[in-house]
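Inspection log for the structure reproduced underneath, given as structure tokens.
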Amino acid sequence: MKPKVAFYWCASCGGCEEAVLDLAEDLLEVTALVDIVFWPVALDFKEKDVEGMPDGSIAIAFINGAIRTSDQQKMARLLRAKSELVVAFGVCAQSGGVPGLANLTDAAGILEEAFGDGVRPEREYRVDGSSVTLPKLFDTVVPLSAVIPVDYYVPGCPPTPKIVAGALTALLDPHPPAKGAVLAPDHALCEECPRRDSRPQELRLERFRRVSETVLDTEKCLLAQGVLCLGAATRAGCEARCIAGNMPCTGCFGPPSRVRDFGGKAIGAIASVLGSNDPDEVERALESIPDPAGTFYRYSLPTSFLERRRMEASNGRGN
Amino acid sequence: MAPYCYFPGCSLRGTGIAYEESLLEVFRLLHLPIEELRDWNCCGATSYMSIDEGSACVLSARNLALAHKGHYRDIVAPCSACYLVLRKTQDYVERYPRIGRRVEESLGPGRLRVLNEVRVRHPLEVLYTDVGLAKIKAHAVRQWPGGKVACYYGCQMVRPYADGDPDHNPVRMDELMHAAGVPTVDFPLKTRCCGGTLTGTMPPVGLRLNEILLAEAHHRGADAMVTVCPLCQYNLDAYQADLRRRSKTFSEMPVFFFTQILGWALGSDPARLGLKRAISGRKQIAQWFPKQRAEVAAHV
Amino acid sequence: MPEEYEPKIVAFFCNWCTYLAADLAGTSRIKYAPNTRVIRVMCSGRVDPQFVLDAFAKGADGVLIGGCHPGDCHYQEGNYKALRRFRLLQRLVSQMGIEPERLRLEWISAAEGDRVRAVIDEMTAQLKALGPARRSHAEAA
Amino acid sequence: MSEMNGTVRIGVYVCHCGTNIAGIVDVKALTHYAAGLPNVAVARDYKYMCSDPGQDLIRQDIRDQHLNRIVVASCSPHLHEATFRNATRAGGLNPFFVQMVNIREHDSWVHTNHAEATLKAIDMVRAAVRRVAYHEALEKGRVSIRPEALVVGGGIAGIHAALTMANAGKHVYLVEREPTIGGHMAQFDKTFPTLDCSACILTPKMSAVKNHPNITLWTYSDVTAIEGYVGNYNVTVTRRPRYVREDLCVGCLECLEACVYKQAKVPDEFNMGLSKRRPIYIPFPQAVPQTPVIDPETCIQFKSGKCKKTCIEVCGDRHAIDLYMQPRTEHIEVGTVVLATGFQTYDARRSPYYGYGHYPNVYTALEIERLVNASGPTGGEVVLRTGGHPKSVGIIHCVGSRDENTNRWCSRVCCMYSLKLAHLLKEHTGAEIFNFYIDMRTPGKGFEEFYQKLLSEHVHFIRGRVAEVTDASLHSSEEGQLVIRVEDTLAGFVRRIPVDMVVLATGLEPRADAQEVRRLFNITCSNEGFFLERHPKLAPVQTFTEGIFLAGCCQGPKDIPDTVAQAGAAAAEALALMDAGYMETEPNTAYVVEESCSGCKTCISVCPYHAISFLDERQVSAINPVLCKGCGTCVAACPSATIRQHLFEDEQIFEEIEGILEYA
């Protein structure tokens, strides 16, 4: 009998679901190998169906998206109970991803931003006798591993077909990788970047330029062209797709295993390519990085050392 | 340009009125806007400083705060004593928390930091730095009739807060005189004590001190002395009669404010320079400024 | 925990200037606030931004980086590297809700024992005025 | 890679340092606390850990308790890290398993509150205990030391250092910026307290330098660049053209007489401007080398090109004079450097109240040295600038010394040389001499005796700092004289003393270019600007840059005996290095973990020593451990944490941080 797999999405954009579909024909091969028992985006199973399954009966649960509501937390725990292996699928599940940038404010801040003075969702709504309640919106977005033990991580925003296929075969292999592994190479992206050789040894930038500000050479290292590319700090495995599209790497594969705080390390590196020793010129150069947190923690704020912006304790403010 | 804020202090309304007259005249001739500080009070110098630094600083701090409130950048204090105590206050409130607190209590919170946003300036320094020797030279239209002068700086404007002029050997007044075409003598006692308040409290000592200065100036071939401080000027000017009584070799000489001489050089009507207010050396003054003879005579 | 709130400052001092200045302060028996804990690195250029962020994450109320004066670096330019990282880091931490006063870079030469006192006393006073650093709070799970 | 390899057994040793530490830090509580920390097998406190019995504790425990990590909480690692590493090695453990905790300089000596100081010590020890667990066995590197030495500065310090090393068989390059060696000492007349003639004891050493087979002497030259590291410094020396070729000149000096200037017109630097020299000149008769210099500023040929060039004529077929001489650059490699760049005297014009430059008869001490010198401008006759001989002289001490407004330090030599000048002036003129001093400082062999001798010579000593020197007289008795106004603090009143001549005992200062020199050689200056020694007591001639040593007044004011002694010490330290032939280096170098390097090249340009190269065939960076100085900048810059640093591994520092903050 084919191993059962489940897919679930938490705080994510749906891109990870797309990534699975992106397997195209390969997907059929996958479905030939496995038996999908739960996949809200594609198949009509309900929470109660999962509750009905015996513990550990699901071989692998692929969970994408960060955890930011009580409901996501509950589903994560449920799937953990029912599954042999849980895979954090995509960078949101792995380290918070873009939703993790919500940690620059809190639940109240989010609602304020989203609804302002407009109509706000009510947590509890009563309609002819029965009541509907919305899940609690947490003040802080956390990665999947913060609410349940996670066995493997598949990085990427979203994971590329190659990475997904690789992950599946690795997991279905009789000798799977060690628990806790990130199913991608452990060196930085430059190694597989076609433009690596065009980076000069002596690089001294006066400021960083936005892609929109400039006509970019399609052969030359983007950092060397003054575009803030984080490839050197980011785990490889994506085949430098963004760079192929002449867009800089923004770090969606997260850091290699040796790095503890992606942004911190990236800051150390990026500051090192600034040319000037003059404090004022340095300041001017840094003006070209208007949003450091969003730049260096675009995908990993919740797993960074600081985890979130420090605010006056806002317990109770969240919805 | 922003007007200078003028802080007269007590002297320029008393013994040093000629200083005020000539100073304002010089500023007018050089088109330097200057306004008197509204509601100014005692600078806190002299007795206050020696008896209770705290209240001295409070007094001058109030003047500084007023100047800041009036959006002035520079407060001009012609009297060396005012100049010194204003500078000292700016220094002390930063250096000694005790005084800082005392001033803050009196002025109210938040006022402390504004005190140093106003620059305390001595007119000598304003004319030397802001106007410059070149411009003085260019505007000097009249020949000085009074022979050689000995520039006397006194102590309070050069120590301890000398603005670029060497504290033991200041030269800027000399340079201003030269720019105005007035010859000076080498005067080694230029920063020696004028007698200060001793002329009032211990006359023998005080008189001895200013006799030393006048005698040396005479000895150096000076026909007059020039000062930047109303107290110095008064000490040197007012007691020459006594000195003449003390020694027959002593010979009188006029003691001017540097602004009186500059005013003359810049072409001012002598009547506006308070020359007639001189106590000593009136003969020379009468010769040098014949137009004034009548007025001077009227006072004899 | 003593009566008055005592901020904890993690200090990264370069081996050749600031660490020696702190030694000099010692041999000169200069007294200063007991709130710093010094970590010796060979050069302020070794201070990885990760160290600073970890210190804040683990509860430091302030982080002080000490290096040689510009032009005096024992390793020629390490202190300039430190300066650039510091300026960028400064922007990041304030975005993360950490007051800029809590992160400080100072040039202190081996001869400036008294400057060690001045800087540490001043920073300690500033941090006391600010009060304890806010902690991040993750209430999920 | 540093993992916590095997079971970690840590020994923690808390030093009392007598009462230096124990007086403030509760060492018992600290030790007790340490004993309870994870991985700590032993924790002891002891009176003096650096003493032999203290070190024995460590050796013993390593053997008996099978310790594999050592933490010593005592003083600064700059003082005793080596000591405890050796003890650890002696115990049979790799010396780099030691971590020191500086609870003296950074704790007990700077804090007064026992509880707080102890709390701080506890945090620091906890951090060290966590850190040391991640230490690993390392081997020191070695660099070879070249047997050549560079000596910068040809005063008595440089001369003595150069001769000492040359006599030991090392080749020495002696670089002097002036046209001759000899420095200030050559200008002195006699030396205190023995009053032996300065020239008589100096000139033999000068010619010894000239004739020494192991010494290359470059005068009129500057060190313009230095690269490399201990044992292997590449030095660039620029030799300014003197327009007379040393190799061809025989030193007959006929050219001086032949100069078209029959009257010398240029102020003579060597004689402090008290005499004149010609455009072609030799600083003083015994100058080394005996080769004239042409000063293009004043030579007619250089100014107008219309000179009869009588000097060239008279030089004849020796052709030593070459007006087209160009600056020459020499490149040398040396193993060690001795800096003996000396001092400058305080510019008395900065104290206008003493009237130097204003009143002709106010002199500086150095001018008097020349004036009383038999080979000086006046042949030793003391003549006033205004003519005539002084009948009374006032010598003002501490001009530009011990003064908040100028230099705060004591220049150490002024009291003694003032006494010397008092003696010489009395000898030469029989004048009445007044010394105005703040304190009379005669701490040296035979110094106090010399002072007593002067007292018996009826020289007046007035204790008080002089207020001013003026020609403004109050009495006819003062007419035409310089009046010294001073508070006589022993008599307790203000005195006015008229004299014919005033001598200013100007103090010693760092040279104007000390800062540039400091940067050039990558060493430090102390607050007042003299070069900073590595340790005031234990390493007085070393600097913080290996292989660079200090001699003479560039390190601080000194008299001649101390200068020579220090020059000998500097030479000995340099010789010790060169004779060993190699030096061990800290293994705190950075290294690349090749398999995880992505070849992004970020590291390459951040290295100030070009120690990092990019291996094209393997597409990774590699670090040359010999060139790496261990600053760790590349480690912080590496975007993928692929570059690491021995002794300062990320893990070790993270452990230290988290150890400090464990209870924060």
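As written, the chain order gives the labels A, B, C and D, with residue 1 at the start of each chain.
The definition used in the following text is that contacts are C-beta pairs under 8 Å (C-beta built on N, C-alpha and C of every residue); 3 or more make two chains touch, one makes a residue touch a chain.
Model, not experiment: these values are computed from the prediction.
Here C is the chain whose Cα centre lies closest to the centre of all protein Cα atoms.
Of all the chains, the one whose CA centre sits at the greatest distance from that of subunit B is A. Judged by contacting C-beta pairs, the busier of the interfaces C-D and B-D is C-D. Centre to centre, using the average C-alpha position, subunit A and subunit C are separated by 33 Å. Averaged C-alpha coordinates give centres for subunit B and subunit D that are 49 Å from one another. Note: centroid distance subunit A to subunit D, computed from Cα atoms, is 58 Å. Across the assembly, subunit B contributes no residue in contact with two or more other chains.
The set of subunit D residues touching two or more other chains comprises 606, 633, 636-637, 650, 654. Multi-chain contact residues of subunit C (touching two or more other chains) are listed as 48-50, 54, 77, 81, 85. In this structure, the chains touch in the following pairs: A-C, A-D, B-D, C-D. Considering their complex, residues 166, 168-169, 188-189, 212, 216, 219 of subunit B touch subunit D. Across the complex, subunit D meets subunit C through its residues 76-78, 102, 104-107, 109-113, 115-117, 119-120, 123-124, 127, 519, 522, 524-527, 532, 544-545, 588, 606, 608-609, 629-633, 635-637, 645, 648, 650, 653-654, 656-658, 660-661, 664.
Against subunit A, the residues of subunit D that register as touching in their complex are 595-602, 604-606, 614, 619, 633, 636-642, 650, 654.
On the subunit A side of its complex with subunit D, the touching residues are 186-191, 196, 199-204, 230-233, 236, 255-256, 258-260, 265-266, 268-269, 272-273.
Only residues 67-68, 73, 104, 138-142, 146-147, 259-261, 263-265, 267-268, 270-272, 274, 277, 279, 282-283, 286, 289, 291-293, 296, 302, 304-313, 315 of subunit A touch subunit C when the two sit together in their complex.
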